[in-house]
Amino acid sequence: MKELRIALIGHRFMGRAHSNAWNQVSRFFDPAVKPVLQVACGRDSAELAAFARRWGWQETETDWRRLLERDDIDAIDIATPTFLHAEMAIAAAEAGKHIFCEKPFANTLAEGEAMLAAAEKAGVVHYLNHNYRRCPAVLLAKKIIDDGEIGEIYHWRGAYQQSWLVDPRHPLDWKLKKSTAAAGPLWDLGSHAVDLARFLVGEFAEIDCRAKQFIPERPLAEDPSRRGPVEVECAAILSGEFQNGALASIETTRYATGRRNRHTFEIYGSQGALTWDMEDMNRLRFYSEGDSEDRRGFRDILVTEPSHDYVGAWWPPGHIIGYEHAFVHAVLDFLNACGTGGSVEPDFRDGVEGLRVLEAAATSMESGRRVAV
Amino acid sequence: MKELRIALIGHRFMGRAHSNAWNQVSRFFDPAVKPVLQVACGRDSAELAAFARRWGWQETETDWRRLLERDDIDAIDIATPTFLHAEMAIAAAEAGKHIFCEKPFANTLAEGEAMLAAAEKAGVVHYLNHNYRRCPAVLLAKKIIDDGEIGEIYHWRGAYQQSWLVDPRHPLDWKLKKSTAAAGPLWDLGSHAVDLARFLVGEFAEIDCRAKQFIPERPLAEDPSRRGPVEVECAAILSGEFQNGALASIETTRYATGRRNRHTFEIYGSQGALTWDMEDMNRLRFYSEGDSEDRRGFRDILVTEPSHDYVGAWWPPGHIIGYEHAFVHAVLDFLNACGTGGSVEPDFRDGVEGLRVLEAAATSMESGRRVAV
Amino acid sequence: MKELRIALIGHRFMGRAHSNAWNQVSRFFDPAVKPVLQVACGRDSAELAAFARRWGWQETETDWRRLLERDDIDAIDIATPTFLHAEMAIAAAEAGKHIFCEKPFANTLAEGEAMLAAAEKAGVVHYLNHNYRRCPAVLLAKKIIDDGEIGEIYHWRGAYQQSWLVDPRHPLDWKLKKSTAAAGPLWDLGSHAVDLARFLVGEFAEIDCRAKQFIPERPLAEDPSRRGPVEVECAAILSGEFQNGALASIETTRYATGRRNRHTFEIYGSQGALTWDMEDMNRLRFYSEGDSEDRRGFRDILVTEPSHDYVGAWWPPGHIIGYEHAFVHAVLDFLNACGTGGSVEPDFRDGVEGLRVLEAAATSMESGRRVAV
Amino acid sequence: MKELRIALIGHRFMGRAHSNAWNQVSRFFDPAVKPVLQVACGRDSAELAAFARRWGWQETETDWRRLLERDDIDAIDIATPTFLHAEMAIAAAEAGKHIFCEKPFANTLAEGEAMLAAAEKAGVVHYLNHNYRRCPAVLLAKKIIDDGEIGEIYHWRGAYQQSWLVDPRHPLDWKLKKSTAAAGPLWDLGSHAVDLARFLVGEFAEIDCRAKQFIPERPLAEDPSRRGPVEVECAAILSGEFQNGALASIETTRYATGRRNRHTFEIYGSQGALTWDMEDMNRLRFYSEGDSEDRRGFRDILVTEPSHDYVGAWWPPGHIIGYEHAFVHAVLDFLNACGTGGSVEPDFRDGVEGLRVLEAAATSMESGRRVAV
């Protein structure tokens, strides 16, 4: 079987999640090409060595640009903070490497457009890792919508709620600075929420956004006795309209006490409804007007059957999967795209469309007006 | 419109619930005969007077036997402790009065058989108040079963769980003495559970029962500084088989901390399943193999639609009803039976059949063996 | 005991709900004054007579102005469509009658201010029937917030979702015309949602609103073969900020397939969180940072204990109440206010504050801009 | 770091789950010894080769006895059908190999006792894979019980429900034959349920069991046109008493339509209660009388915090884990026991105690009487 030799840049949370996926995919699935964990790249060589050993990367590298000069690397996996994506992705494309890119796509729409242009020009496979699309329950939602079973869509009511900033002692890390993170939950969580909304409902036509800072100063990471300004919003509430006329609302926050990673949506259509929540990711709720009049109710579907996407490859029905499994599904489809000359969604074009929405939201956040997407 | 003149015996918890039902039924429904709250009967004349005033009973009476001599009373509503039912019901039947009788039916099967014989001989309407049968969600369960939508039934897994005896200071009241209550939760809660099982699945063929005393002594009601023996079981677990071959399990307890009135069942059949819980009484969960293979899940049906039994007479869809409403439904059907010369279920025959199961369980509780019903 | 003689105007859905409450309150509670159901008033005399008979109103009247001239009427219960409230309430106040007024308060803020001025000038008791405030679970939420147990509030995420307009055959009734209803769900459902938010979080500082028409034309009620324009929005999404800095989002719609009367909120604060849903109105979910670190979770509180407001007067713990019970609680407090010379919340001042928010939302709906409240 | 060289026998469902765990453990944890996937053993050499390649086993072997002769194997992982366990485990112990054994432990108590004796005599580490013990939510339940937070335990109400036999076309496989499986769900599912009950509540004192065959004949696996008798029960209901006086009920079935792998318990004690369900394995429900009187309710604890056992090693809070993760936790503790000369629970002694309960249940199933354990 052909192989795909991968270089991973980044070895923190996402570096782990990606490494796990590259390792697991060939155990549970049969990708068209077999991934080879060639090089792990990062700046801290000691940490990196331990990371590589643990996850099975054959080599390490501290200068990511060197990766692009090597012929024995086919794909670059970008698992770094957002502000580094554009430079890395463009260089990777120019070097003819396939790209597996973590989200949020980029800090600005302009960056994103350049990334897309570079990838398309180079003809490489480009994938943007909105992993939630590949939860089996989300894919079932997509199928139900595409089958017309909820009819014309009227409402998307979404939220992505976390709570890690409720503690005022949490330091001023890179996610709270504009230069490194572009924005607060709007970018970090909103990019996921917008992507799911686009995936399931369609493109946005107009957006408005209201944001808030609850705790404006925090201890410096490097010296907790001093404090610095939080540069990004603490929470952002969006409302908008899709091109097909459906209404949208999306709430993103890091201040929802009691919620750890609640990425949730409610979709209401003329024939039915769907709801989902990442904290309970193996289940989809589905209401159908097609059920007989006195027997209608939200079905609580445990999405672990062989007839559901991906999940049959893991365990028997009723044996649930967890957070990291959607990464494995993503890696599988990326490998198949690389192996067959195809493409994989969401890609950099989705990244650009998502950023279009986020930038419109950011504009609205400032101006207080509705902004066309 | 014709009237039905009622005498109520008992003015505590059940006296209130029945009085409310007699008052409410003509507001929300159109019974064939209109109930007249003629006489309230009890032994404490001061309390009774206040009770009658509050609930609209026209007269009071302290000797229940006098009620039977009067021509201006058409029906007797027995809301007294169980051990008084037989004497009252038999006398009422012999006096030609229709009978609305609270549960548990009687302390012994022999008593129950005498009650049934008397009622049948007299040709009066006789009703046994297993109110849970008339929760709209339970009636929907019945309809789904009768429509064959869950197929052949394999399992009834039921429980009736309360927790009011967890507190060791709860006194030794009449419900904890054998002479007045016959048994503990087996009679009090088990009678309901067995009735629901019979209603939805069918007659029992065999039963076994295991019981336990957790707190064997309690303060006397009349003098809390002294203690006396709890004469009945604290919890009773039944398992058994129905005549149609389905398995049954029923757990009854007053020691389920955190459960206040959780009367619940799970029913599994060859084509589907149903679950219900009285603490969430407006909902029925229904699983159907008839749904398409990848879209099956327990439907959470909010049973408040006009197409559901009774509930459309109350409020618009989505506006839930409460505990007392099932009493109103029972009263409605009792009035209709009295007005039209029909009958109403469950009746004393159901009482007898239920006692047959309970007595078999009591026998098994002692002997440790399976007992045929 | 003193009596309060009541005249009810309106005999449809709300006329029934109010009549039931006037009847039930003295059964389960001991109000300071006893309500007398003196006169029921409406325009259709035949329907009205049947209504009065059913609900126990002693007399009927077809001209509401005559009620105000009578000395034997102490309070006016206004259960008519919104556009009639101002004229009736002002006249009632001028006649010195206490006022129990259905919601939405009025069609315009100006009307509402006149109503408040008239009531205050007359010194009568004035009550606006946002019944949801008196669900025991909502009152428990209020108590938890007032006790500081969820700390500083960051988020109100609310929704009031119904689905009765999803059917395109639903006719163009008074709720779909601007002159009679002022607006669509913004007024009808939004008034409730805004009132709950004000009750639990505080006053609004700023609002914006986005609305949508999904089905712009409907069959005429008087001639279904013809169609006319729906004059009000089908759904309205609000976001805003409270004076205390908390963020708000409120979604109101009649197009949420599968939701019948889902009035729900999530509240997130620095120390805890609360959620509630009217379709499951006996339960409150409460998350507390005060629980030990590894044992935190949303508590599912069944609000049926004697320690909870009102509910102990009904049935034992675990026996749930329904939609109409909150009306009984409202009537109780109104009677107590009338009997003791006190006041009752929410009153016309709340009505005015609520309309201030709704009118700001309506302005934003048109202009697309944020509007100060 | 020291290594532990493993030989796995069996390459179907459990072979996969074990192989995954041996691979994953060193990625997410730091076991005292590093597992080496030395040999995979099975009878079908073609299948076995593919399996070994996929899962990273260095060699294959078709005769399991040869494994025991090799010095380069430290531990035997037995993932074969139950009836093979005793012979393999005893031989492995005699050869001085540590043993990781899949459940059910053995077909008979006598076998189990021999296995235990052999393992103890050899002084090897012996582990019985009741993986559910190492779900973080189950471990939290254990901790809450051990902390005394639910007080004295009154009730264990458990069930293990699957539905794969509802389809009458399911063939007569090894799980339906007495010689290979010992029993039906009583052994397969009941062994898990009994182990959890023992782990959380304590040892059983007495048991009774009722079983049923719903579909007594099935198509032969080797020739579906012919049918043969199902030799084991289709469902088994247990009730019993623990040595500490708590009551137990356990329902095991393969005929619970709509349930795929619902392993669930309710525990009620004098101070609180706990419930859990494997289909929702990341959550524990906990009710505490210690909460203030009006704020008690079952807490829905999402067990994904760093303070919870094992789970912090995977992903950030709110990112759930799946079925296979508990196997990784088991492997971790087995490796640590092997590396440090310690032991790991549950071990063969637990296997013996569990079989004592199951054999008593099997006796009761036949005799219809209560059986002391």
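So that you can tell them apart, the chains are marked A, B, C and D in the order they are listed, and the count of residues begins at 1 in each.
Operating definition for what follows: a residue touches a chain if its C-beta (ideal position, glycine included) is under 8 Å from a C-beta of that chain, and two chains touch if they have at least 3 such contacts.
Bear in mind that the values here come from a model prediction, so they are computed numbers and not experimental data.
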{"item": "More contacts between chains, C-D or A-C", "value": "A-C"}
{"item": "Chain separated most widely from chain C, comparing mean CA positions", "value": "D"}
{"item": "Distance between chain centroids, defined by C-alpha means - chain A, chain C (Å)", "value": "41"}
{"item": "Euclidean distance of C-alpha centroids - chain C vs chain D, Å", "value": "54"}
{"item": "Junction residues of chain D, two or more chains touched", "value": "259, 296-298, 302"}
{"item": "Complex interface listing, chain A residues touching chain C", "value": "150, 154-155, 157, 159, 161, 163, 166, 208, 210, 212, 214, 234-235, 237, 239-241, 245, 247, 249, 251, 253, 255-259, 266, 268-273, 287, 289, 296-298, 368-370"}
{"item": "Chain D residues within the chain C interface of the complex", "value": "140, 143-144, 283-286, 291, 293-302, 305, 307-308"}
{"item": "Residue numbers on chain B that touch chain C, as the complex places them", "value": "13, 17, 19-20, 23, 26-27, 54-55, 162, 164, 259-262, 278-281, 302, 304, 314-325"}
